[in-house]
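Structures incoming, each one as structure tokens.
Each of the next two complexes has chain A plus one other chain: chain B in the first, chain C in the second.
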Partner chain A sequence: MATWTWFHRFGSPPFVYRIAGRCAPWFGAGAVLCIAYGLFGGLVLAPPDYQQKDAFRIVYVHAPAAWLSLSCYTTMAVAAFVGLVWRIKVAHAVASALAPVGASFAFVCLATGSLWGRPMWGTWWEWDARLTSQLILLFLYLGYMALRSAHDDLQRADRASAVLAVVGVVNVPIIHYSVYWWNSLHQGATVMKADKPSMPAEMLVPLLVMFLGFTLFQLWVLCTRLRAEILERERNARWLREEIQEGA
Partner chain B sequence: MNQWASFEQFLAMGGYAAYVWPSIGLAVGTLLANVVMARRRHAQALQQALRRLAVNAAGNAP
Partner chain C sequence: MTPRRRRLMLFSSVLLGVAVAAGIATLAFRDNLQYFYNPSEVAAGKVPVGKRFRVGGMVPKGSVQRAPGSLTVTFAVTDFAHTVNISYSGVLPDLFREGQGIIAHGKLDTSGVFVADEVLAKHDEKYMPPEVAASLKKNPNGPPAPAAMAPSIPKGVTL
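Showing the complex of A and B:
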């Protein structure tokens, strides 16, 4: 019973519009604080790596970008699935709102990885399992957005793009496990693994704070974009009239 | 603890400045661009919705 009321409330555009507006500033403030501290800790306080020296500091933007691109995609696929199965408009709006953020950080992950690979591996790019599967993630995002803009009818755009998002989610575990399944240039996991992370605390703490900051950032942008999506979707609803004309 | 003896050394990044700083710059630039674009999109959607409501209200008036 309680689950269903919850489900119903989060399917209701007015409720989501208001709650997103109320949460956005908090996510934003948290993201700014965490990212500022994480960058300071990673660039100034952390000692250089014994092998990679100061080049390792790229990890403080590369790994959080990778994390954001993957968590965005997973959330997008789950939302698309919910939208497809239960026909909840807000779920499609969530999926659509997440795509540009995820795509831009999939690109940042690839570009910073390239800038890191050049001095460490001696190459900008290698058709290696990790790198190739991450590139496919970027193409999935671009395909998702292209598919949406190809349909004039919003409902058809929602349904078609949702199918792509759900099918493409198989790529997410492939990216994560690619460094174990195939011989890869890319190093294995240092933080997200079962036993203790292989990093001293002065290096690890800023990185974990960056992960938190990027997660809050994702929620911040999601809230803002979701509000825009809801405004565009809810044409003449009465709640909209009350909501935005009061505020204006 | 601060790892750097001087600001010049910090900028030099142990010789990896050409790789580290563009990475940081790209990431920070993308963060900012995402916020700016999302906020602009919301402001535009709000303006459009207000205009639509105004047109409807005018249409409904006797």
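Showing the complex of A and C:
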């Protein structure tokens, strides 16, 4: 049991508030570096695709945004589940802090996909299984946020929205496997599969760096938003008053 | 049972229940969620009669014919078991070419020709620089990734 006790500190708002504050600048710096290199590598260094020419370069934003929109939701659902079962307020705060980040990623994914789809497929939008399930993901994020803001009582908002977050997680595997379960317009996975990626290294490396950059960006925003969330929730707590007086 | 354990069981079973329900619904709507039909399904008569539907497959080499002086194009799509002839008049997407997977939306006419009013190109998941593609074309049995040059066959096609 001793191995578990270190974990309990993550349920304590002061500890999380401080550690998030300490980590945020590192995540931020890493994100800026990775995204700067990834964009340069993807938009300048990588060779054009044999069929799509330069239009394929939208993948450097589209695919990381898509992965992050899924991983954000999964993290949000796990946090909401932990919050529901163990009644940990910090867990609810994490879920609530992540929702707008994930929603933005889902929106970027849909928007860039649509811009690419028009010249490549010949359509802005099709009611294809992959596209539709990704749109549902965006609506789940929006629904989660709407449900939270519909409650004045924070505890009720936490619990009601957490149930939605947990239930909605079934959509995540549906999105990933939609291109294999059904005939779909969207192609299968290039990188996220058991096989080796169907992309040469000079195209793949900037993509993986972008993925890392987006992940660090997500952690950066999460740390910052989580601190704001904790400030609001603990506004009457004594530790916070002491913390602020110390800082002043 | 402690309250925490009870909540764990409750929310785990809610999640399990929703997952099972989603799985059953997905199975039940399997056919309705198909975005397109294969030429084999068209040949077997599994497609809706007299209604618009989509057919997808690869455009075989040498099948594309343009009517002079108009935008009308006729071509075939195949899944290597059956072939459907398609006629379309309109602008084709950038990626439309022989050896490419496409999806056409329209109706079968009485002579068995599929009259499309929309043609979409289906891209595959493979990316490569033009030089690699060119050297593969020259030497199709060459070492680097021969699978990458295989015609892009839409998912669900059995060879």
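To be clear about the criterion, the second predicted complex is superposed on the first by the 246 of 248 C-alpha atoms of A that agree within 3 Å, B and C clash if a C-alpha of one lies under 4 Å from a C-alpha of the other, contacts with A are read in each partner's own complex, and residues count from 1 in each chain.
Operating definition for what follows: contacts are C-beta pairs under 8 Å (C-beta built on N, C-alpha and C of every residue); 3 or more make two chains touch, one makes a residue touch a chain.
Because the structure is a prediction, the values reported are computed rather than measured.
Within the superposed three-chain model, A:F139 lies out of touch with both chain B and chain C [touch as defined at top]. When the shared chain is aligned, chain B comes close enough to touch A:V221, but chain C does not.
Legend: residue contacts after superposition of the two complexes on their common chain; A:W86 is shown touching chain C, with no touch to chain B.
Of the two partner chains, chain C is the only one touched by A:Y180; chain B is not.
Judged by the touch definition given at the top, the superposed model places A:I244 against chain B, while chain C stays out of reach. Legend: residue contacts after superposition of the two complexes on their common chain; A:F40 is shown touching neither chain B nor chain C. Once the two complexes are overlaid on the shared chain, A:P119 sits against chain B and chain C alike. Judged by the touch definition given at the top, the superposed model places A:P48 against both chain B and chain C. According to the touch criterion, the shared surface of chain A, contacted by chain B in one complex and chain C in the other, consists of residues 47-48, 119, 202.
On chain A, the positions that touch chain B within their shared complex are 28, 35, 39, 43-48, 53-55, 57-58, 60-62, 65, 100-101, 104-105, 107-108, 111-112, 115-116, 118-119, 202, 217, 220-221, 224-225, 227-229, 231-232, 235-236, 240-241, 244-245, 248.
Partner chain A is touched in their complex by these residues of chain C: 4, 7-8, 11, 14-15, 18-19, 22, 26, 30, 33-38, 56, 92-96, 103, 118-134, 148, 154-156.
On chain A, the positions that touch chain C within their shared complex are 47-52, 56, 59, 81, 84-87, 119-123, 126, 128-129, 163, 166-167, 169-171, 174, 179-185, 187-190, 198-200, 202-203. Interface residues of chain B facing chain A in the complex, by the touch rule stated above, are 1-4, 10, 13-16, 19-20, 22-24, 26-28, 30-31, 33-35, 37-39, 41-42, 44-46, 48-50, 52-53, 56.
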